[in-house]
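The next part holds the structures, each set out as structure tokens.
One chain, subunit A, appears in both complexes that follow, with subunit B as partner in the first and subunit C in the second.
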Partner chain A sequence: MKEVELDCLGEACPIPLVKAENKLKEMEIGDVLIVQIDHSCAMKNVPEWARKEGHNVEIEEIDDGEWEIIIEKVK
Partner chain B sequence: MDEQKSTGIQRSSTHTRRTRKKKKNQLPFGIAVVLLAVMFGILLGHKNPGMPIFWITGLAFGYILQRSRFCFTASMRDPFLTGSTSLTRTVLTAFAITTIGFAAIKYGAYVKGLPIPGQSYVVPVSLATAAGAFMFGVGMVIAGGCASGTLMRVGEGFSMQIISLFFFIVGSLWGAHDFGWWKLNVILKGKAIFLPDIFGWIGAVIIQLLIIALLWIAADKWENRKNLA
Partner chain C sequence: MDIKKNKYYKLWIKDAWPYITGAVLLSLFQIVTLATTGNPWGVSGILANWGAWLYETAGGSVDKWYYFSSEGARRTLENGFMNHGGSLRNLGIIIGALAATLLSSGFKFKKIKSWKQIIAATLGGLLMGYGARIGFGCNIGALFSGIASLSLSGWVYALFLFLGAIIGSKLLVKYFM
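Let's look at the complex of A and B:
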């Protein structure tokens, strides 16, 4: 099981999502992707997209206005 | 939404318990901001009794926009980017509610024989409207937010969008500077349409709600179609 961190701090809305999409494509099933974001909009659309794709998703607020979205690739 | 369901993702031990910065207690700042907002409201009230209402609705709008992660940009962009239309349908629902609200306000004034408020916003519609809307759409996706979204995120402290805000102001000033020319040569070539003039008050509301409902169903279908694929 691999764990990959994706630094999207300071990136505006669609970019974290696109980056996460591309990164997750290269990863194996069971791997975990951690997307770090500080744009509140990405807080909504990244988890929503990942859940719709059927992955396991957790959100953690690591600081005021800074989040980590933890995505486990399941398929 | 399965928000509550804990998935219990296993994370490697090195990462899970990273030392965290202790969060600052924001409560004193919150109280200070509320006090300042109230004081500013009272100050505005002395200048003009109508102003505090604008102040309160503005603050309420911003608060709801921020807490709900509402985003007009995402509502138009996500259907293409991710196939998600939840925000699209949210915006359509909001339009449906405001349709009824605005119709009620306008009709209320109309039956009392008062001048209908907000009629100066009934402006000519033409291909220029569609062209402008398209350009605005491209701009807001690149800038990461429409006007209200940019303002809200600058308030959140997202520094990159201060650049968006700066050029948003520059663009608005430029637009305002040349607006006379555009109005004379392009906008006035179109025709202003006020739906109640054509369909009657009830008809206008029904037709508008019907169009919104059709768009809502189309958005719902779009989301599920993507899910099956």
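Let's look at the complex of A and C:
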């Protein structure tokens, strides 16, 4: 089980989403992807996409205007 | 009681509103705008006035510019910022957006990651501003208000907006991924 961090700070939509999609594709089932974002609309579309794909998703507020989206690849 | 744990703080202030809530409110307020001012809601045309005022403050003159040659446009410029309803509305949008981010503790100065971002943002801004003026409106004045007042031009605008968005996404993936 691997944990991968994806730095998307300073990136506007839809770049965090596309980067997360590409990264998750390379990963194995059970791995965890942590997407770091500071663009609030990525807080909507990244979890939305990951949940629709059936992965486990958690959002953590790191600082003012900064979040981590934690995605566990389940399939 | 800790406000951060309050249910309504979370629901109304902290979390983003659903798109449908935003859509309904935008529709209601654009109706109010049209009914009370007699003009449909617009944003970017007002920014052209801001540009003219800035230019005049810096010592320039737009007297001979065709864009500002109509009587109405000239009067608006002469009356100044505080007497221009649209300018105050735009200012309200900026202050409102700032208040919303501050209230949800979402304010952050973002790092600029690369020169590419600066170049793309500048080019994008110039193209959007130029396009909005020669198209007589942006996605608010021409698209939203256009469709809301049953004008065909709004739908034509929508079609090309989508085409532009497709090209834009391809460029984005090509240069920023």
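Here is the rule we go by: the second predicted complex is superposed on the first by the 75 of 75 C-alpha atoms of A that agree within 3 Å, B and C clash if a C-alpha of one lies under 4 Å from a C-alpha of the other, contacts with A are read in each partner's own complex, and residues count from 1 in each chain.
What we mean here is this: a contact is a pair of C-beta atoms (placed from the backbone, for glycine too) under 8 Å apart; a residue touches a chain by one contact, two chains touch by 3 or more.
Bear in mind the structure is a predicted one, so any value in this text is a computation, not a measurement.
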First (subunit B), second (subunit C), both or neither touched by A:19: second
Partner chain in contact with A:43 - subunit B first, subunit C second, else both or neither: both
Which partner reaches more residues of subunit A (counting touched residues only), subunit B or subunit C: B
First, second, both or neither for A:31, with subunit B first and subunit C second: neither
Contacts of A:3 with subunit B and subunit C, given as first, second, both or neither: first
Subunit A positions touched by subunit B in one structure and by subunit C in the second: 10-11, 14, 18, 38-40, 43-44, 63-65
Subunit A - residues contacting subunit B, complex: 1, 3, 5, 10-14, 17-18, 32, 34, 38-41, 43-45, 48-49, 51-52, 56-58, 62-65, 70, 72
Subunit C-touching residues of subunit A, taken from the complex the two chains share: 9-11, 14-15, 18-19, 22, 38-40, 43-44, 63-66
Subunit C residues touching subunit A - in the complex, by the definition given at the top: 16, 101, 105-108, 110-113, 117, 169, 172-173, 176-177
Residue numbers on subunit B that touch subunit A, as the complex places them: 2, 6-7, 9-12, 15, 20-21, 23-24, 26, 66, 69, 71, 73-74, 77-78, 81-84, 86, 141, 143-145, 149, 153, 156-161, 227
